[in-house]
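Structures are listed in the sections that come next.
Two complexes come next, and they have one chain in common, chain A, joined by chain B in the first and chain C in the second.
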Partner chain A sequence: MSDPLISTLAGIVTNATPLVIAAMGETITERAGIVNLSLDGSIVLSAMSGFVVAYSAQQILITSAGMTAPEAAGLSVIIGAIGAMVVGALVALLIAFSSISLRQDQVAVGFVLTLLGTDLAVFLGTNYARIPGPQILPTDLPLLANIPVIGEIFFQQSGFAYVSYLLVFGTWWLFFRTRQGLSLRAVGERPEAAFARGIPVNRLRYLYTALGGAVVGLAGAAYSLNVRAGWTVPPAMGGDGWIALAIVIFGGWHPFRVLIGAYLFAGLRSLASVIQRTPGIEINITLLNAAPWVLMIITLLLVSSGALERLLQVLPRPLQKPLRGILRSDPPAALGTRFERK
Partner chain B sequence: MNPQRLMTRFGKALIPVAISLLVTALLVSLAGVNPLNAATELLRGSFRDLGAFANVVNFWIPLTFASIGLIITFTAGLWNIGVDGQITIGAIFASAVALSWDLPAPLLIAAQIVAAMVGGGLWGALVGILKARLGVNEIFGGVALNQIANLATLYMITGPWQPPEGGSVRSSPPFPPEALLPRLSDDFRISPLMLIGVVVALIVVYLALRGTRWGLQLKATGKNPRSALLMGVPTNRTVITAFIVCGMLAGVAGAFRALVVFQSLRPLVSGGIGFLAILVALLAENRVLLVPFITFVFSALLGGSAQLKVALRLDVALVGVVQGILVLTALLFKGASERFQATSSQPSRTATRPEVAHE
Partner chain C sequence: MNIELRHIEKRFGAVHANNDINITFKGGRIYGILGENGAGKSTLMKILSGYQPADEGEIRFDGQLVDYRTPQAALRAGVGMLQQDPLDVGAFSALENFIFGPLSARGLRGKAAQAELARVCERFGFEIDPELPITQVSIGGRQQLEIARLLALGVKALILDEPTTGISAEQKQTLFDALKQLAREDGMTVLLVSHKLEDVIALCDEVAVLRAGKLVGAQVLPATTRQLVEMMFGQALSPAERPRSDLSGASPALKIVHATLRSKRLTVEALSLTLRAGEIVGLAGLDGSGQELLLRACAGLVRLSSGQIWLNGLDMTGESYRQFLAAGVAFAAAGRLEEGLVAGLTLTEHIALSTETGAVVSWERARALTAQLLERYNVRGQPESQIQQLSGGNQQRMLMALTPEQPTLLVLEQPTRGLDVDSARWIWQQLLERRDKGAAVLFASPDLEELVTYSDRILVFYAGKSTEIADVHPQRTSVEMLGRLIGGHFDEVTA
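Let's look at the complex of A and B:
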């Protein structure tokens, strides 16, 4: 852990963890054809709820079970994370209900919930701001942590990071290696055809919107109980939900590419703070803070405008096909549309 | 309209309001405050005296400018989440003129407002070009440009426009007196110029959407861009102009925030009015003439929020919660009543679906 480069990279993985989790939740939801635009608000609301639940759980464990604060921390964080997941799932269910059952615009409801989530979190959570709560500390994974370089970067993290790895792999497995995943993708790509095959389209959309929302809630807990442990007003993670939404597009709705996108973003953020700390370089800090957003526009520009495709055509032919497979970025064909039995 | 239909429409508007009031009352009681007390303090905060009422009007003017701008982009089927950034850039452009040009008062004021419209229009055009020409979804373009606009404000305040004393990073130097808009009186600090401006903007946008070729093109693009294109509507140009005009109106709102409310450039100069305007536009459903009433209710809530904090120690976020719940229940209620009407008027449709057998 002495090498500064390795510890920087390990820090990037730590910082990227909530982004990875949030983007993975949204990937699941969008693959089923529903846009959960409320990410920014859901994350803040579930971060607050997760913190409050974990904090209260810790107090109860200390007073009634006679535990010390560090002893109670692990269990209370788990309880808090579950609370956060429930909140995330409830917000997502509201979107599913209004778009599937009430036929309202997903974007409209999602946007309102973005604002409402943040305001509700600030209003309900004022009394819990800036108090020390439970948080989990990094634990080395046996064996894996001893692998040189890789082990130091990826396996000397906290539980949330390990959950994020499992989540990415599990999502990929679900999508591409299971029958359920085939139905999930069919519902997002060609709901009519799926329905004709006997797949209950709207029921699955409800299910995966709630599941994705629960995962987004877990991302909220990963902020308030791990990375920037604690809860503050104004919320420190504000804005990250939008970045997670952009990462899903950048990642082409594929779990591994979404993971890479989240690490890239976190990496560039940490690069910006390194530049800022480097003596001899005089850059106004606000310009560096603008970098992720400029980057967001540029990446979306690359994937949306067909610029990538033109770039590919310049390359030698044998390279084109595999690269196109990797860089392909088509949204699920029925994303954001309503499905009704005719 | 016959009285019965009027009653149903009125009732329809009232039910979401009642539901959201109930939910809010519940939240307020949860915070340990009597909801009736909160309502009284809120109203006192907004309408106690002329000064308090002027405060409400000073929220109403920029919110209305931004909201009618948004009606234009909404009509064209566009999600202009970037409107907050357009307000911010408008404020920066107005501040640039206020801080550096040396002109007599009337000319300077005119130049500031024109500059704000240019700035907001440019920021809007950016979202529009990204959307129409380069395929970048306007929601994400807008979100990113909002953040960049906020950081641009910080950059100007901490860099080029750092006040000479150097200590403060809270604002630019105060604007010179010639830059400030004249007010009705010292008790009622309202800018008549802006008041007239907002009424003119309302009328012009109403007429433009109703009776011009451009208005028709906006509507056609909003209904179905592909068939609009086939019918000969230049949809790309329509999209970009919608963003530009919305940005210009938002720019005026930004100029108002800087010139009237703060009299300097401050971080987060928009105060989130752009996001609020999106909620207004969702409630108004493309009806321009509803906008001033909705914005008035929202502004009264905003004006009273400070009093809630002072008198009852309730966080000002409560106002955002009320507004959010109101729009959410309105959307859900609309969906529910449409659903109810659809099922009660066409009972045969559900009975003759052959696909039911598959499930």
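Let's look at the complex of A and C:
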């Protein structure tokens, strides 16, 4: 990793990993028709839980199994990640329960849970803030890591990054190559039709909300056990949940586009910090930090409004159709709505 | 398959929707299920297709007692229902819509599924491109796909709810041929729920008539329309008439000059149209052929991409919907509860919303006016009930009550959608009264009979192009010809 450009790109992949995971979890949930708006709070709460669980597991492994700290790290991180996933799934189940069974508004409940998740994490996790805990270190993937450029960017990462690749591919496979995926999408697009064909709409919504929530929890673990290793108060990852939500829309609920969106955003962030460090450029830091968000809004407007159509009209006709296919995105038609049997 | 219904009972609160229904539908025959709105025919069909369980009673298939409470269980027992708006998923391709659910659960996928679909299509002359997104398939095509799916699932009885609304004459012929073939060759039991008596007479072997929740008659066809209407309403209705108004010397209420209209999918080009005060022009065409676009442009809801639009001699090109309203346009959308009325508001609140102009609402005045309007428009509902609690017919009456008394131009999207003959006729009486007071009427409808009965002229749309039938006359203008035009055969028919 001698080339600074390659190491910057590899850094972007590292930084984007939790975003990719979180956005993928939300994509799964939203494709089933449920909006889990608690993403930001969910991530913070599961990051804290994951850290605490991993930390405690490490302590136990050291004291009772007689391992050294580095020996215990790998296993503790896995246990911590599982703990984080359980927390993420539980928060998501609250959303599912209140919207499906209690018929409450998904947006309202999600919003409240966001605030609650962050505050609860700060409250419960104060004693664990800023102490060194287990984390996983980058591991080169055999063979793949040796591919020039690509290998250096993508395959000299930590386990979380590898999991994120598998997750993106797996989600795509689930959506578009399996029968379960067909049912999942049908439930999010037109639950009445799914019901008429014997698909258990609300059971699937519970299932995929929980599954998506678990994946969001994993994203929390990817923060506290990898990227910004450790747990701090106030939480360092605050705000990223909202970004992940925006990335899902930007990505048009399609796993690969969501992945690209996450990398794009992480790239913008890293660009901002490069500019900050460059001598001779005097820009207000706060303004610079806001830049990626502004760009995000602009791209969102471009992708999900009539502006895209007008832009496409300017281009030559043969280009229009494929570009529209890539850029246009329609949300799952029944997103955020309740399904009740009439 | 023989279907026996014995003592079927269903209540919704105080409404006795199905009152001791006893009937047997025999395999190999096609039945028409008739009745006015609220007669209980949809309820009965929902019970039979598993969407709603009956309160009491039993169902037997070929003598075997069956008990099911979901559509899926009904399918397993052999009954499939084709909904008026096919229950498919817009984001899926035709093939995905074909397999998702029970067929894919049986492992039917990919090439095998495509072959199965092709097999059914070939037998009945259906034309379905499996790769096409379903949003680009016409209602008729989506129906064919749904029928193919139900057949692939092996149903022995098929229920169709208003299948001839919004499809072309050719698609209707294909559908009827397929149903006859299924009954004759496969011994399928076919039940057709329809408001269109002509269709029932053309297709069915027998009819069953429901009125106020009871089965009031069953008859082997042939029968005349008049006899069927008598059975449905307990009395004969005089044929619908449209007294013509004298248009000589009437001033143009609406004038469109060389307009271009664009939507995401469609462009309507070089359209010119003049509507005189007191004139009724009907717009025909399959869904998405351009008539909706024109209608909304005349209401000021869609801007012209080029060309001009004049109301009462005033250039309205590029003006807002508000300006159109101020110029005397009244618009009623097809989606009553989506665009016309506000679900959640009471009848009084609706009246107040459209009549109160000050900052503070005078509820006393609004209540008085509401009582008066409910009486005059024969709306069956309480001033304090919320609009969505009313039946479709009463909602439509309420919508009429909210429409200005003397508009320059009435723009109506499917003014009698989902209404029975009686309610539809009442609505038209109101419209004709407004026409007599000098309003021009522009309406779109998928009901060809309605178009021929009430229009002075008809504009037929096909894929954005239009042709005009001038001087429409119920005796001279045939529904069949209109059906051909809607299917795009402009050249074959000279109006």
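By definition in this document, the second predicted complex is superposed on the first by the 342 of 342 C-alpha atoms of A that agree within 3 Å, B and C clash if a C-alpha of one lies under 4 Å from a C-alpha of the other, contacts with A are read in each partner's own complex, and residues count from 1 in each chain.
The definition used in the following text is that a residue touches a chain if its C-beta (ideal position, glycine included) is under 8 Å from a C-beta of that chain, and two chains touch if they have at least 3 such contacts.
Computed from a predicted model, the values in this text were never measured in an experiment.
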item	value
First, second, both or neither for A:Met296, with chain B first and chain C second	first
First (chain B), second (chain C), both or neither touched by A:Thr126	first
First, second, both or neither for A:Leu245, with chain B first and chain C second	first
Partner chain(s) touched by A:Leu287 [first = chain B, second = chain C, both, neither]	first
Touching partner for A:Leu182 - first (chain B), second (chain C), both, neither	second
Chain A residues touched by each partner, larger count belonging to chain B or chain C	B
Which superposed partner A:Val109 touches (first chain B, second chain C, both, neither)	first
Which superposed partner A:Gly198 touches (first chain B, second chain C, both, neither)	both
Residues on chain A lying within both footprints (that of chain B and that of chain C)	195-196, 198, 342
Interfacial residue positions of chain C with respect to chain A in the complex	51-52, 70-72, 75, 83, 87-92, 96, 99-102, 104-105, 109, 264
In the complex, chain A residues that touch chain C	179, 182-183, 185-186, 189-190, 192-199, 309, 330, 332-333, 342
Partner chain B, residues of chain A touching it in the complex	37, 94, 98, 101-105, 107-109, 111-113, 115-116, 118-120, 122-124, 126, 195-196, 198, 200, 233, 239, 242, 245-246, 249, 284, 286-287, 289-290, 293-294, 296-297, 300-301, 304-306, 341-342
Touching residues (chain side chain B, partner chain A) in the complex	27, 30-31, 79, 81, 130, 134-137, 139-141, 143-145, 147-148, 151-152, 154-155, 158-159, 275, 278-279, 282, 314-315, 317-318, 320-321, 323-325, 327-328, 331-332, 334-336, 338-339, 353, 355-356, 358-359
